[in-house]
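So that you can tell them apart, the chains are marked A, B and C in the order they are listed, and the count of residues begins at 1 in each.
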Amino acid sequence: MKPVLEVRELSVRANSSGVRHRLVDNVSFSISAGQATGLVGESGCGKTITALAIMGLLKEPAFTVTAAAIELNGRDISRLGGRQQRALLGRDIAMVFQQPGTALDPVFTLGQQITRVILRHRNETRKQARQTMLQALGKVGFADAEAFAAAYPHELSGGMRQLAMIAMATVCRPAVVLADEPTTALDPGATALILQQLKRLQADHGTAVLLISHDLAVIRKNCRDAMIMYCGRILEANGAGALFARPRHPYTAGLLACIPRIGPRRPAVVDAIGGQVPAMTDLPSGCHFAPRCERADPTCSRAAPPPEALGGGTVACYRPL
Amino acid sequence: MTGTAWQRLRDNGPGIAGLCIVLVFALVAVCAWSGLLGQGWAQVTGGRWESAGPDHWFGTNLLGQDILARTLQGAANAIETGLIVTVFSIFLGAALGALSGWSGRGWPDELVLWIAGVLDSIPFYLFAAAVAYALQGHEWSMHVAMIVTFWTTTARIVRGEVMRIKSREFVEAARAMGLNGFTIVLRHVLPNTLHILVVQATITFVAAIKTEVILSFLGLGVKDGVSWGLMLAESSQEVLAGHFGNFLAASISLFLLLMGFNLLADALQDALDTGKVIR
Amino acid sequence: MPYLARRLLHGIALLLGVTFVSFLLMVYFGPDKTYDLVGKNPTPQQIGEVRHELGYDRPFLQRYGDYLRQLLTLDLGLSDSSGEPVSAMLERSVPVSLALVLPGFVLGNLLGLAFAMLAAWYRGSWLDKLITSASVVGMSISFLIIIIALQVLLCTPYGLNLFPVRGWKVEGLASYLYYVTVPTLALVLVTLGYNTRYYRAIVTTEAERDHVRTLRAFGASPVEIMFRHVLKNSLIPILTRVMFSVPLVFVSGSLLLESYFGIPGIGQVTFNAITSDDQPVLKAVVGLTGVLFALALSVNDLLYTKVDPRLTER
């Protein structure tokens, strides 16, 4: 089955006062219709930048985005002109942001903001758009859609705002939804609701979802495939089950070991990964993880290990587990 | 100033230019105060409206006084006015602002805000006239009027900062150690507002000088002595008759000094990272 | 509702404070007019009579009360210099000042906002830098300098000599434009620097908010983002600025412009009163403008609630 979203060799560089550093380094992946792929990594590793780059929201001169291809249903969207790109965003590909509190405009009602998106991308009259908007709100779980449409963002809880964002992101039935840590700022109840909505989208509309999170449990439960990102590079990618059951990259293993497990036999042990995440301006040469890796040897720091097929997925490591 | 702030200031070209301009004027002021420059400003040393020449570099005015000397003395005057007004209004503003901010929404806060609101409500030039009235035209009435109205801006800003700082942990720690409010504010909170105060000082200086110019024009400012405002007032009639010496000397000097301070203020804001503080 | 009630209370407190300060300065500490009215070699009895007439022997609070009453009923007495009733003076001069200052005020703010939005949208580009530098230059030139320079350049044979040096004989649109152009130009030039600077900071802050990124992510055009969203979010600080500057521009602007260009508005009335120590006029002007300003502040608070829905929640 041809993937809905295909990203090949995506790189992003930040340009600030003459210094250029790589925020995202040669990332490639694809997502098929109705599937969810997880992108996991610690804060600041480049996950959000990747999503923004795919959407085309990173502009020169602050950022330089290069890619062999970014294809949406076979069509290259990486080099579109302004108007064409704007026609795409919200209609064929949409993004859900991490902080629903600040992502919505405080001086307009939910209804107004969602209706605006509908009017922009669909050929509907105001009355029709309003109906569509109310339906969309109803679908994500708002029982009294009219009341919520008339509410302002600050009048709602974080979970409700995020649901509204999902309604906005999906009202035009996009083929792809990039969800950037959609549940990080929410409590467990709201988290469950949001993830449920994403699952519904995949099932009902065949939407391809890129789920970005630093929460391994969320990824494991909701994604078919998963990728581990560190300092802008994908270190390992595989089916979610395989990845978490049998990690090949030392970093992945380290991340999994960090999850406190309350088990019947052993007491809960949490192993932190030694050292700290390097600053993007001062990345180690070769494999970025080498300085913190127990298995590293001098060859690891000489050149970045290329992704190799292993165990059903790919690993970028000279000495995989 | 911390190391990085100093570095950022040094990298700021226009800021350094501004600083240099200000220092030059400060130097001129010091020379004028100590009797080295601009001494003959009140004497009639030439004929009416002589144009610029070797005896009088900027020419003479209606009475035959040397414009250059008057300009230099005017610089001294401007700096003096600026300094007095700035120092007093910043002090007053910081003190009342800290009191106001520390008391949260308590009565000192409401009181200070009310007074500030009242003072801000009276348009300045009328207030200056009123103060001149009340003080029977005393020489310092101009400074008093300015200090009494300029402190409100500083106070509001300091109040905001103090309220923000108040909720931070190190203040709770200090309280837990038993320090009383006054000590905490003095030793811990106010030092954290210094960067804002520095920027606000430059802005106040500019406002003071500009205000003095207009007050002098209206006859409410400098009376015995010479200031750029008085020179401009003189020149307002002169230019209609084609004599531009007074006007050009005063306006160019004024422009340079103000520009210098504005550039410095901007550079300080950027270097100290205070975000745009606007008067 | 409690929010509105509180703002109302604040407004009243402000009004009382302002009038009290005006009273203190102008009446209580003002010049003692006894000796102006009494003849040569006055007897203590005559002095006492005059003082009683002038109300100097009444208790403090009563005098303040009288002042308040006078202000609110516009019973303002007669000018010391011309003998004309002060309220009549105000009646004929205030409309003139409005007609003089309004175009410049509106234009200065609209242009400032326009430049600010340009600079914010093209942030970091040469246009932004040009606009920012120009504003700093504008802020460094005294109003006085602008007025004098414009007068020379536009109204005298040393310049273009297109407009009158002084005067205000307005009989129709053409004559209005003839007299109002140079003052308006001066007002715009002096306020443009500050306005652009201030508005640019506000608009830039708003343009960098997270929800603008969301808007772009859903395909909104730059024009829509700027004019529908950024602008609306910027309105509160902008409105505050405009409201705060109204009395300032009106009084100070008219003061200088009118005394300079010989325009018979409230500024000129005030200026003459200042130079001739005309107490009744100054009393009235200080008190009334203070009241107006306090009102402006309260109106501003009310407007807030219309524009920012978050504020009704207090």
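The rule is simple: a contact is a pair of C-beta atoms (placed from the backbone, for glycine too) under 8 Å apart; a residue touches a chain by one contact, two chains touch by 3 or more.
A quick note: this is a predicted structure, and the numbers were derived from the prediction, not measured.
The minimal number of chain-to-chain contact steps leading from chain A to chain B is 2. Counting C-beta pairs in contact, the chain pair with the highest total is B-C.
Seen from the C-alpha centroid of chain C, the farthest chain centroid is that of A.
In whole angstrom, the spacing between the mean C-alpha positions of chain A and chain C is 53. Chain B and chain C have centres, each the mean of its CA atoms, that are 22 Å apart.
Of all residues in chain B, none touches 2 or more other chains. Looking at chain A, one finds that none of its residues touch two or more other chains. Contact residues of chain C toward chain B in the complex are 10, 13-14, 17-18, 20-22, 24-26, 29-31, 136-137, 139-145, 148-149, 151-152, 156, 158, 165, 197-198, 201, 244, 247-248, 250-252, 255-256, 259-260, 270-271, 274-275, 277, 279, 282, 285-286, 289-290, 293-294, 297.
Contact residues of chain B toward chain C in the complex are 114-115, 117-127, 129-131, 133-134, 136, 206, 210, 213-214, 217-220, 229, 232, 235-236, 239-240, 242, 244, 247, 251, 254-255, 258-259, 262-263, 266, 276, 278. Residues of chain C that touch chain A in their complex: 209-211, 213-221, 229, 232-233, 307-310, 313. Against chain C, the residues of chain A that register as touching in their complex are 55, 57, 85-91, 94-95, 97, 99, 102-108, 116-117, 120-121, 152, 154-155, 165, 168.
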